[in-house]
Amino acid sequence: MKVGLFIPCYVDALYPQVGVATSKLLHYLGVDVTYPPKQTCCGQPMANAGFERMSRPLVEKFEKVFKDFDYVVIPSVSCSAFIRFNYPKILSNCTVSEKVYDVVEFLHDILRVTALPGKFPHVVSVHNSCHGVRELGLSSPTELSGPRFNKIVDLLNLVSGITVKEPERSDECCGFGGMFAVEEPDVSKRMGEDKLADHIATGAEYITGPDCSCLMHLQGIAQKEHKNIKFKHVVEILAAGL
Amino acid sequence: MRKEELFARLRANTHQQFDMPDMDIHALKYPDTLQQFIKMTLSSGGKIVRLKKDGDLNAAIAEAYPDAQVIASNIPGIKADRNPDLVAEAQDLNRTDVGVIRGEVGVAENACIWIPQTMKEKAICFISENLVILLDEASIVDNMHEAYARIKMTDYGFGTFISGPSKTADIEQALVMGAQAARSVTVFLLS
Amino acid sequence: MSTLHAKKAREFLKEPAKITHHDQTFWGMRMARDKMVSQIPEWEELREKASAIKRHTISHLSDYLEEFSSNLKKNGVHVLWAKDAEEFNQMVLKILTDHQVKKIVKSKSMLTEECGMNDFLMSKGIDVVETDLGERILQLMHLKPAHIVVPAIHITRQQVAHTFEADGISPEKGNDDPTYLTRCARNSLRSEFLEAGAGMTGCNFGVAKTGDVVVCTNEGNADMATSMPKLHIAAMGLEKVIPDYESLAFFQRLLCRSATGQPTTTYTSHFRKPRPGGEMYVILVDNGRSDFIANPDHWETLKCIRCGACMNTCPVYRRSMGYSYSFFIPGPIGIDLGMLKDPKANSGNISACSLCLSCDDVCPVHVNPGSQIYLWRQQLEHFGTANSEKKLMSWGMSWVYRNYSIYNMALKVAPLLNYVPKSIIGNPKMNPWCVGHLMPEFVRKPFHVLEKDLEKEYEKKSKIEP
């Protein structure tokens, strides 16, 4: 199984440690991982803003770079969801859309990880990012009827010493939404403040989730409000000790 | 607008057509249908009185509504001061303390009772301050699919499902019983 | 870069406690809905089939309307067809003047709101009395509904008391207890029901097979409005028709649970024939619907049964309130309907969505209102309403991402931003990100630089551990 690693633009520029954790963890688990050079962006921000046509060259490039891998793994649910559901509409004969997995999905569903080496003796509050919940199925959406599950929680519970909590409104949107955060800054801020308060109320030391864009939004608000809570992407916790 | 114009435009503008789905549904059934009906009636704000079919209904009405002065009904055997079949105008039923009407089908999932119009003035079902609904225990079904398979209209051409008293929460979400219609509903479950 | 919705929302958000109350109220309704859903194991199947029934009906709409109207006529009901709002209003006026009606009582109808019927009739000297308590309060306060099911949710009990006192509905000055105020409204509206010459209702579902007009209320006001006055006018959008009772069961079970988290409305009334000695009219209204059907991406908006679940769950609606939207219906479905009706006028609502898709999951008939907003966004350029700053930003990002050497250079330079004084970069007017956030830190070594070191590390390890 040949796996291609895609590190999204904002992870590359702002949270490279998430890329490092992903790479190290996959390597530790014996996966044959390649990081093709000269990666940039999956094209989501422009499309969500309403300019899907501006994403097209990036979609074509992604297809070209990753078409020969068996899987493409990405530490971002929003990018993974965009590629899986929107690429086939933008590019006919797209092959990558079926191969793309968010790293949590990949670990849980493909590698079926049952043990992890690390320790993380802290209380964490899980941020269930919308794309993960409602598009990739990382957890059962609270709106739907059916059995309850959460793949993020399952994986985190493999890490020794951890206490995993979820906020009361466990899958309400944080208010980032890409350009939404700058086009509707007041609503976005209010949504983020409420979500942050909900996480803090769990007593957690860390907020963790499968997408750095949500975490960036919450962290930016926490810093502005001098709230003393830390942030880590889920894969950083899963790769603890590596 | 002539309907032919409209239909022509609708047909021209419809690009894809879809079939009806398979209508089979494994709808909710209760281990004890009667108990569920009672439970849902109580939680909708309604009251339940259990009686034998040949019991003294008038005594039961007096017990449920001891202060009632004006009773309306067209049901034979019910001691009524007003009859919705015989009033000159619907307005004449105003200030009725208790309206006594008959339900045909009860629905356990939501405490709905189907009340076809069997009187000249349906106002009795709504204008009465309090309602007594007579319902045969044996005519309670589990869910709305079963109910809709059974209901019939009468010649009057009106029927309604009533579940509990009239209510509103329009002022600051505070639930108030007795908005525009019945302030209380008592279901006489007959066996 | 501020849209109409963003500007209005900013004003409402200046009262955080009010927004908290609004948000918690609607989250409560969403939770009540979830509780109902957990009690119905077949819930997702109900949604699937209801959606399929609607797709079938709407794609055969002329056949069902033919069946419906033919049965209405057989039952002695007059059937009229209104092309648009203006024709509808004129038809209602004619019916009322022909019957010498001076006062009409009406139960809730968003369709009459859509057509601006109340103002039109009032301007012609006809007294229109709203009888849904929320709508009546708004009518007396000269305000518009802020939600399609609980229209006066934003009005406080003190405001209601004040209004009722001013209009002579409440005799006890200063008494703002909701039960007391509801009783006052009951007494006042009772006289209206008794005196009115006509009653108007909307229509939740029109049953083609039998000709039934089905109206669902908690208050019983639709029934009161049609039990005394001898003239009943029902206003119905074309898309409200459904095939038969078997279909109706699905919608009846889904509607109230989705809307308010109750297992049913108190009253589910079927109007089939005029009252003895009375007359009944059904006015079927198009007002653009026959054109919406032609839109391949958005025709399924016509499946909507007006439950309001999408706005209850929408985190943006809950924190910006109904009056932030330019269309008479707010929230996700309001954004979609507004774009269908008048895209240029309503493009300012399209920003009011973080694309969380919670609304897609609660919609009882799979309208997928959130997914439709994403599609509407792609069309703003075509309507000429795309935001030029957003377009430039998107183009700029696209250009940087397409040219790796520029991207690489940008990342090398970006850490300098960390040193720009907060007074400049943190200025919300220059940088809207900083309305709510501090800037994130750009790293000296992005992943693609660190990765080279990682590769070396892996290689070293594989040499040590064969």
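In this document, chain identifiers A, B and C correspond to the written order of the chains, with residue numbering beginning at 1 in each.
Note that a contact is a pair of C-beta atoms (placed from the backbone, for glycine too) under 8 Å apart; a residue touches a chain by one contact, two chains touch by 3 or more.
Note that this is a predicted model, so its numbers are computed, not measured.
Participant: Could you tell me which chain lies farthest from chain A when each chain's centre is the average position of its Cα atoms?
Facilitator: B
Participant: Can you tell me which chain is nearest the middle of the complex, judged by mean CA position?
Facilitator: C
Participant: Suppose each chain is reduced to the average of its Cα coordinates; what separation in Å results between chain A and chain B?
Facilitator: 52
Participant: Please work out the Cα centroid separation of chain B and chain C, and write it as a whole number of Å.
Facilitator: Going by mean C-alpha positions, chain B sits 29 Å from chain C.
Participant: Taking each chain's centre as the mean of its CA atoms, how far is chain A from chain C in angstrom?
Facilitator: Using C-alpha averages as centres, the distance is 31 Å.
Participant: For chain C, which residues are shared contacts with two or more other chains?
Facilitator: 40-41
Participant: Could you list the positions in chain A whose residues touch two or more of the other chains?
Facilitator: none
Participant: For chain A, which residues count as touching chain C in their complex?
Facilitator: 7, 9, 11-14, 16, 18-20, 23-24, 27, 35, 37-41, 43, 45-52, 54-55, 57-58, 61, 130, 134-135, 141-146, 169, 171-173, 175-194, 216-217, 219-221, 223-224
Participant: Quick check: in the complex, which residue numbers of chain B touch chain C?
Facilitator: Listed in rising order, the residues are 1-3, 6-7, 9-11, 13-23, 25-28, 40, 44, 89-91, 94, 109-112, 120-123, 125-127, 143-145, 147-149, 151, 153, 156-174, 176, 178-182.
Participant: Sort out for me which residues of chain C touch chain B in the complex.
Facilitator: Per the stated touch rule, the residues are 25, 28, 39-42, 45-46, 48-49, 52-53, 55-56, 59-62, 65-66, 69, 75-76, 81-83, 87, 131-134, 137, 150-153, 155-157, 160, 178-179, 181-183, 185-186, 189-190, 193-194, 210, 212, 218-221, 223-224, 227-228, 238, 243, 245-250, 252-253, 260, 263-276, 286, 290-291, 293-294, 296.
Participant: Of all residues in chain C, which touch chain A in the complex?
Facilitator: 1-3, 5-6, 9-10, 13, 16, 19, 23, 27, 34, 37-38, 40-41, 43-44, 313, 315-316, 319-320, 350-358, 360-362, 374, 377-381, 386-387, 390-391, 393-395, 397-398, 400-402, 404, 407, 411, 414, 428, 432-433, 435-443, 445-451, 454-455, 458
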